[in-house]
């Protein structure tokens, strides 16, 4: 879960990391009640990258300029994200822009620290940043990072500040369940101090059970989602809408993607990625059907499940029940296999349902049905 | 032969008394796995499915000599149970659970390393050496003994893939589910090293997807001189960039994460790579033909 | 720094630990605006222990009872602490009161977990709690604690919840710089769940540099202190007022206490513990004199410093300057020794000051002077 | 003999280029300590007080073979520097600084243990073996060589106490400032064990105070058969309960923390204990008389 800049900076500040003293507003009018020293930076708050290059950060020299910028930014989407707030910060006189981040990296078997003495919007175009493979957070060693930065950052005072900051970021990542903590730019000011001019923090959604703020943020993030996505999340289904017409109900990310690929190869287009493996119960499947039955672009539903822990005789019985009570007339094609799959045919036979033995045949039928319905 | 698990392995189940634990115990025993017992934090000193239930892994090990543990506990307490297993001297721990915070995955891997053990997981169906033993919940009928070592990031895909291989008479030495998360107990390159060293594994099948760097580890292995022939199935051509496809690791963030880039790297390294399950058996047969070719040459 | 209950519970809740859903009020009137289900617990918020036994927690069955309780508690001091707020919580139907705490303990070389299946106000009278010496937080092992609790807590479901909770508390202590996290009672409710019915959390004042909330709390705690203490804290001096008449300016906790003891032995009473070792500069000593000169109960000032890193020639010169510009006529007795002490006599001689060679003599003179001035 | 430090010890100073580092270097050299150099994170490859300045402890050790480090850095980076020293192979690290979060003290002690080293500190003047070497900032003139091992929780009190001992002709083998914080690198009982094993230490002087359990460790040692004679000075009779007296550890929370309880326990264990600096020399002489008595008996 990517935080917005001001949410990220709140976490940084709590960990003793310097951030500019800003505040968020949700309307241009809100600025009128604030005593602000100009110039300021007016920064749109979207949980998406590339904002700086796309004009999401504006320098304003007066209240009028700032209010205009706030109004404009609140109306502008970035990367498909509508901002819900704008951050107002003192405009920093930056002597040098640095780059510092801590992320989870398999090659590091844990956290990696990345640093570049030249940060900012063009970071990806420049020389790749210096890399310190930390591993678990407790393996962070200031002296190791110092060795690595010896030739990278020649200003010793900056180097020591960066090392101290890197330790804080690694600790922050580990103790607050962040998978990415990126400060770009990390601003070196005239007095030599370092301030986080921006913050990109990704928190681990799986840690909600022990981090109340992650649980709350997940709950909050769910609300503005369109209703089907929001319902899928609540029902523990993983739903991503795509722009095709073959609705796919599957189990396991791998089988879902593999079936999507086959739909494409058969000349069709998947309407969604819908993985029910985290909730393979009557409730979960019922919800999956409701979501796809209610979505107009879905012309046909393909159920493609290869169960391991999921017992396919139970799935078959569930499908039988759902089919019996279902109002939608969208055709459904089944391919069930896996644990106890040999009982599926027998269960389906009672209900006049058919289960495909081969995945390719099921896909072909689904794509053909979708085309037929499209043609109508 | 096979890797990590075989007919001599003695397996315990942590969380034996839960529904999944009981089902899995029956399933493992039915497959011929030597299941030695299990642990339960709530119902100690009883018997489940004819197996002894111990209050701790140490007690289970002392009494049964088990060297493999299959851990069925929720994510919130998973790290604690996995550490317990390694510190009790278990050699191989399989943690199939998903939804594990990455911080805990990092610590699990570190615990395995610190204790000289091997962790498989999280987010995996486990491991099976067909005809010998299994520690996981993959459907047994999909597997048969043979010359292929299989490594998979996805559980469900590995069932489908092995179902096809078995159907085509292409059996397996060991099938390892390395899991779909970013931080893995056993990585693709570590799994490759194990299968590389196994004399009965003649060719390796890798089942991968978009996102992450694992496929580049596979390509790097394949490019080495003396590498075993490799076939690969890489899925996710229809996945849009920037969206997480179920697996924590299955997300296209940069160009290197894309299907095309991975296929290119694998092909360049001499891997028989396909982008569709339909092409899997053909790719694997091509890889095995490579084995015969190589043998003919050395003969 | 001991937190009040509601501050402590905020930290617990953030770490995913169940607490009752309460709120604080600062006046009885504030309750009128709240929709509350009665009965409630009305709990005074003081950073001091023993509140429950002393009547600081009241059960109220109606708004009127609650408002009366709020008014009364806001007027009542506990252990010398005036409450600034009152916490209102749903009255818990507790099935059993447990005790669980994590503290720093030298014998554990780190953290220790203490657990008793019978908690509550009488915890100290009962059997000593079970003890698990953790060491550094990362050494916490659930299975070790399970072994220890096997015979202590016979309800397996409760035991597992306690183990999960203990891990959270150890992590909380280590990651949020708490030296004590005590939940007493930890309430077992009818549904078997555990809730922190009270919270006693002590945070590490030294960690303010990396924990913004500790820094803020220290700043906040300083403000209500009486002005001299507040000034001493701001000047990095350690001041504790006592009820004697010999004002003591010293360096190092050991020498300060040793001198206090000698003052007592000589028939006097120390007026304070005032340790300047964290700021042995002209500014620090000047502030020390201002504080004691301004305090009426101080009849004489004894300067007793044995310097290691503090160079006594510098101290002597500082004393000379302070004496030259000082308005107060309270007598001052010196005993300076330590690094470069051989130059003290020479520096003092120029100013007509006298330095005692023996601590006992200096103490005797100071006590005699204090008695003389008392007598007047 | 002496413990932990002597004329063969080679000492480096971490943070040599700061004011305290420079002063301490001059002071240590003046005392005859073999100072090998120091480190600086800002001004590497220069010379200070005639000593080489290195960018890291590893570089300093490789070039000088130093085995002791005295660390003058602020609390915020102290843990990093102490870990660096131990992992570079330094045997004895002295960290005098105060204001260290207890969490960092716990980790410092764990780092010492993990690397088989000894930590002295935090919140201590350091250690001195009179006439041989010092690693700390105690005033040198307070010390002279002799038969007493001294352990102190308080820096300033140890100066006063040793000044009196030295004045009375009662010299010291080694004076160890264990520090006033709750979590110590070297505890009272560990310091006792070291002095117990040192043949030249005939009697031990312990300087303690209210609060904490250290004095009970001392009493436990004294009660052992074969323990060396002990004198103790315990201060804090005038300290009110519930107030922290400067030292993080000097706080009367329970009855065991009080002056009276500690004096009672020490006296019961056969320690020559006094509550005032004035009584120290007498108590120490009594302890030393105990030595003579014991010798006379065995002779």
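Going in written order, the chains are labelled A, B, C and D, and every chain counts its residues from 1.
Here is the rule we go by: contacts are C-beta pairs under 8 Å (C-beta built on N, C-alpha and C of every residue); 3 or more make two chains touch, one makes a residue touch a chain.
Note that this is a predicted model, so its numbers are computed, not measured.
> If you take the chains that touch subunit C and keep only those that also touch subunit D, what is left?
Touches both subunit C and subunit D: A.
> By mean C-alpha position, what chain is farthest away from subunit C?
Between subunit C and the rest, the longest centre separation is with B.
> Would you say A-B or B-C is joined by more C-beta pairs in contact?
Contact tally favours A-B.
> Between subunit B and subunit C, what is the gap in Å from one C-alpha centre to the other?
Roughly 54 Å separates the two chain centres.
> I'd like to verify one number: the distance from the centre of subunit A to the centre of subunit C, where each centre is the average of its C-alpha atoms, in whole angstrom.
So the centre of subunit A lies 44 Å away from the centre of subunit C.
> Any idea how many Å lie between the Cα centroids of subunit B and subunit D?
Whole-Å distance between the two chain centres: 54.
> With chain centres defined as C-alpha means, what is the inter-centre distance between subunit A and subunit B in Å?
Centre separation, subunit A to subunit B: 27 Å.
> Which subunit A residues sit where two or more other chains touch them?
Touching at least two other chains: 209-210.
> Where in subunit B do residues touch two or more of the other chains?
76
> Touch graph of the chains shown: is it line, ring, star, complete or other?
Topology of the interface graph: other, matching no listed pattern.
> Among the chains present, which pairs are found to touch?
A-B, A-C, A-D, B-C, C-D
> Which residues, counting only subunit A, touch subunit B once they are in their complex?
Going through subunit A, the ones touching subunit B are 104, 106-107, 109-111, 135-137, 174, 177, 179, 204, 206-207, 209-210, 238, 240, 242, 250-258, 260-265, 269-270, 273, 275, 277-278, 305-309, 337-339, 341, 359-360.
> For subunit C, which residues count as touching subunit B in their complex?
141-143, 146-147, 150, 156-157, 159-160, 163-164, 167
> Per the contact definition, I'd like the list of subunit D residues that touch subunit C in the complex.
The contact residues of subunit D facing subunit C are 20, 23, 75-76, 96, 98-103, 106-107, 109-110, 113, 125, 136-139, 152-160, 163, 180, 182-184, 187, 207, 209-210, 212-214, 235-240, 243-248, 250, 275-278.
> So in the complex, which bits of subunit A are touching subunit C?
Listed in rising order, the residues are 13-16, 138, 168, 171, 175, 209-213, 215.
> Name, in rising order, each residue of subunit B that touches subunit C in their complex.
Touch residues, subunit B against subunit C: 41-44, 55-58, 76-77, 80-81, 83-84, 87.
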